[in-house]
Amino acid sequence: MLTGRSRFLDDLHPPGLAHLAFVRSPYAHARVVSVSVPQGAPGLLAVLTARDLEGRARPLPIQVPEGADAADEPHPLLAAGDVRYAGQAVAAVVAESRALAEDAAELVEVEYEELDPIADPAASDLELLRWQRSGGDVDGAFASADMVAGGRYALPRLVAAPMETRGALAYHDPARDLLTLWCSSQDTHRPLRNLSHVLDVPAERLRVIVPDVGGAFGSKGPLAPEAAVAAVAAMDLGRPVKWAEDRYENFVASYQGRGMEADVELALDGDGRMLAVRARIRADLGAYLLPATAIPPHTAGMLMAGCYTLQAAEVSVTGVRTNKVPTGPYRGAGRPEAAYFLECAVDDAARALSLDPVELRRRNLIAEFPHRSPLGFTYDSGDYGRCLDLALELVEPGRAAGEHLIGTGVAMYVERAGGSFEAARAALAADGRLVIHSSTSPHGQGHDTTLAQIAAERLHVDPAAIVLEFGDSALVPGGTGTFGSRSVTVGGSAVARAVDELREQCLRAAARLLDAPQNEISWGEDGLTAGDGRTLRLSDLAAAGALEAVARFESELVFGSGAYAAVVEIERATGRLTVRRLAAVDDAGTIVNPLLAEGQVLGGAVQGLGECLSEEATYDEQAQPTSASFADYSLPTAAEVPPIAAAFVESPSPLNPLGAKGIGEGGTIGTPAAVSNAVADALGGRHVDPPFTEDKLWRAIHE
Amino acid sequence: MRLAVRVNGEHYEAEVEPRTLLSDFIRHELELTGTKVGCEHGVCGACTVQLEGEPVRSCLMLAVQANGREIRTIEGLAADGQHPLQRAFHEHHALQCGFCTAGFLMSLEPFVRENPEPSEEQIREALAGNLCRCTGYRGIVEAVGQAARETGG
Amino acid sequence: MKPAPFDYVAARSLDEAVGLLGEDAKALAGGQSLVPLLNFRLARPDLIVDINGLSELDRLERDDGLLRIGALTRQSALERSDLVAAGWPLLSQAVRFVGHPQIRSRGTVGGSVAHADPAAELPVALAALDARFTARSPRGRRTLGAAELFIGPLTTALEPDELLIEIEVPRPPEGTGSAFVEHARTHGDFAVAGAAAVVGPEHAAVALLGAGPAPARAGAAESALVDGAEPGEAAMLAASPVEDGARRALIAELVRRAIEEAAP
């Protein structure tokens, strides 16, 4: 990256490459009456409509979380009878260049019959998702409560906006009947599974390769419908076909994050002990269910008991349909929403009880682990009190000052991470190289460094001696995917297991070669040494025969946690917000690489800050996107970032050999809740939802 | 249209359409893919190259406008990765996915040359023309401070 | 997002350029506003007339008491100019808010004026300085004031075949100071609101950004200041036509700060 030698998706330029562009609906809701395709145009190679996909490709599958009811409304690859969001792909055009494909796309004539769009989720009674869960005596708790407090809290839709947009390059080799898809993706596994489902082709005839990826933040998980269309076009044309999403497409057609609102009630007794929580969560899911659309609302629901000892909880989640692009996982994926809804309610409860918000939390923090939440999760370990103490120490609560309103806010969070399985292959190659194949794919997190570190420590070699390979389904063992902060936890544990297996094999081989008892062989930096001092280097061992170990690691969910605190300043006369400082304390279990872990926290915290200051995916009453460029959707620059103090508390997880829990998402989970509570504090208890624009805050102060 | 341009010290001649953007010309015609494209409306800075030493958005120039001019891309910075900025970026974990990095380096190279002791505020302002979604900018700020001290003045 | 096809001419003379411009033929200067529109296909001219070769339009000089800014003057040149900093400091102050250095190294003063984005800084600063704008067309030359030139968002009085060639800025009166303030969501982002002020013992010029469809002078506030009003009072007058309460408060605050910071 530093010298320009990276290879991202759009850097790939195989011979004979053709380019894909889409005809996208200008209307948010319309019947597609007819599609007529131009007879010819400069450089035009093919046009595909829904009709051309009939019998050849299915819509993407829908992942339904446990216990949920999901509508059978998958996202079609290309719109057939109707379009349901502005920007939805109606036809695909392949040409000799992207510019020529865009020219030809303008010649495709689509006749639409406009229908009334629904932009406001409150106005929609079309449900795509329903889920509920309860545990403990909720009614009893509310009936006996001395105080019931809470409110309505909302997080608007956001755009993940990785610097590299999505993309896929497909090539079908007829001789081997192998379809290869290069994909700017978070992992190889989900695109592979999705492609296999869409094309109804066994995985053995597919290969997915992930090149360098310019960020994803959850938005490049399941296969994009456009990538599936590229695959079909490649098969038809017999040439490689590339779809390089442009920024406009990314704004209108890439699934968005957040977009949830909740009514939360806390039941407390006179001593400020939390008895129960009730939450009704409403999610603005958009027009269809993409593979992972249902996941974040479910995750949010499951985490609504938070870090607290309350014994009863009742949560319902309703996902409604609107004429917007669907939502899906975006860094945090339900955890920030849960933290936001609950932590804002806790502060409202504190004000209702005239109790200090920190004190209210202290009276209710879980202190014994494992802890079973009334909603069904079992939290493995944690030290919530310590996180809270440290966050307060680091933030130095603010003092009032003249024409500015000052506020301090805290927020706790607990999150679920890990889970499912990953795999790794560790090998000592005949030429002496140590090669690890991991099923996880890094896309900027530095997993390569972290995984190499894990392996190197166990093998007593320099991390630079480890060759780490990933991102090619033909080379790596199957896994689940890179998301949900699970790569070090589960992927790293798989590497640890595989390496431990390899160690065993090396010791056995060394024992044979040295003709010495295995238990007398020690492993140090010089190699393997027998009791009498004879040493074998790894290269000697390799010369006698390559060794390989494969391991799979599966785990229950692990539960990271944290406490965030913020100090904000609001200019009374204008409502302008400045975040003065932020403290981020995360407990991600054992931290393998502190520098990389801190990078994740800071990056996530700045994304969380963007959410607070300026980010919001907006739509007008016709459900037209009105923030579809960086000119309208403002990302934070370096000049917006306040001092951030980050620290780690380490409560190792008993559920994996590393004790790790995952740190990728903490920054986005804790920041909006803490800043929001600080804003409410500055406003004397009045709650406002993000983004905290000057006109919203001015109105809160003056109206 | 005929185009003659010097890129990283080498002379190139090509036939291009007027509408071809300089960013696409560099990446696809010249196959110098180190320069990235992030938005095509001049906000993200990923496409920044130097036009006779001045950082410019290559997505906002037509390739034909570079006729007779001199351009430097990331490939022309220091192939061995030993420019003080490159080293500092590496040491301070100033990149995660790396997609925005080339744009930052091309924007910052004149800044560190001309500013031996920039304040944090000055650095943050100088960085404001390039977006990074991964790092939260702290590592970049630290790297720039180090590189400026090494090269400035 | 790739532009729709167009023809391209690198004009070699002002006459040539002016002769080619029209409804479907647009001038390309810095490209920082036009090229995004081309990329989004929001602008689809048949012909692009590149005027970057017209070096006679790229000059920044003092002519008696006037500053003559050639339309092709790069924003970065304005920013670096000692001449401008000494005699017309408002322009140096305002140009620093225009985008980022990478934008300013290509963007031109004339381009910013002709594009007339309602969030643009230079039109507001030039309006506060009573600048006059000269354009060439096949019909000859004409010169307009800011109020005549800036009609609405992205709309000026320039005809499709007219090219802005020069901006004349009279020297601010002796003894005045100036300031430019603005509020944007993020650093370098399009301004939400802003104010330019040039104030002195017997002179007050206040121009507003984001208060209406085009940069506007706050006449009532200016008179009040000359009559001795406090900055806060004048700021309220300047902002009073703005209907939205929050926007009005923001503009009032920015105007007040601009007046106070401008105090010589």
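For this structure, a couple of remarks:
By written order: A, B and C. Residues from 1 in each chain.
Convention: contacts are C-beta pairs under 8 Å (C-beta built on N, C-alpha and C of every residue); 3 or more make two chains touch, one makes a residue touch a chain.
What you are looking at is a predicted structure, and each value in this text was computed from that prediction instead of being measured.
Because contacts link each chain to all the remaining chains, their graph is best described as complete.
More C-beta pairs touch across the A-B interface than across any other pair of chains. One finds 43 Å separating the Cα centroids of chain A and chain C. Annotation: 29 Å between the Cα-based centres of chain A and chain B. Counting partner chains per residue, chain B shows two or more touched chains at residues 17, 19, 40-41, 124-125, 128-129.
The set of chain C residues that touch two or more partner chains comprises 1-5, 36, 40, 186-188.
Contacts with at least two other chains are made by residues 99, 246-247, 629, 631, 635, 637-639 of chain A. The residues of chain C lying in touch with chain B in their complex are 1-8, 10, 28, 31-32, 35-36, 38-40, 48, 50, 52, 76, 99-103, 105-106, 186-188. Contact residues on chain A toward chain C in their complex (touch as defined above): 98-99, 102-103, 106, 246-248, 571, 573-576, 613-614, 629, 631, 634-640, 693-696, 698-699, 702-703. Those residues of chain A whose C-beta lies close enough to touch chain B in the complex are 1-8, 10-11, 13, 99, 161-165, 212-215, 217, 246-247, 443-446, 595-596, 599, 602-607, 629-631, 635, 637-639, 641, 644, 667.
Residues 1, 17-19, 21, 24, 40-42, 45, 48, 51, 54-57, 59-62, 64-65, 67, 107, 124-126, 128-129 of chain B are the ones touching chain C in the complex.
Those residues of chain C whose C-beta lies close enough to touch chain A in the complex are 1-5, 36, 40-41, 183, 185-190, 192, 244-247, 249-250, 252-254.
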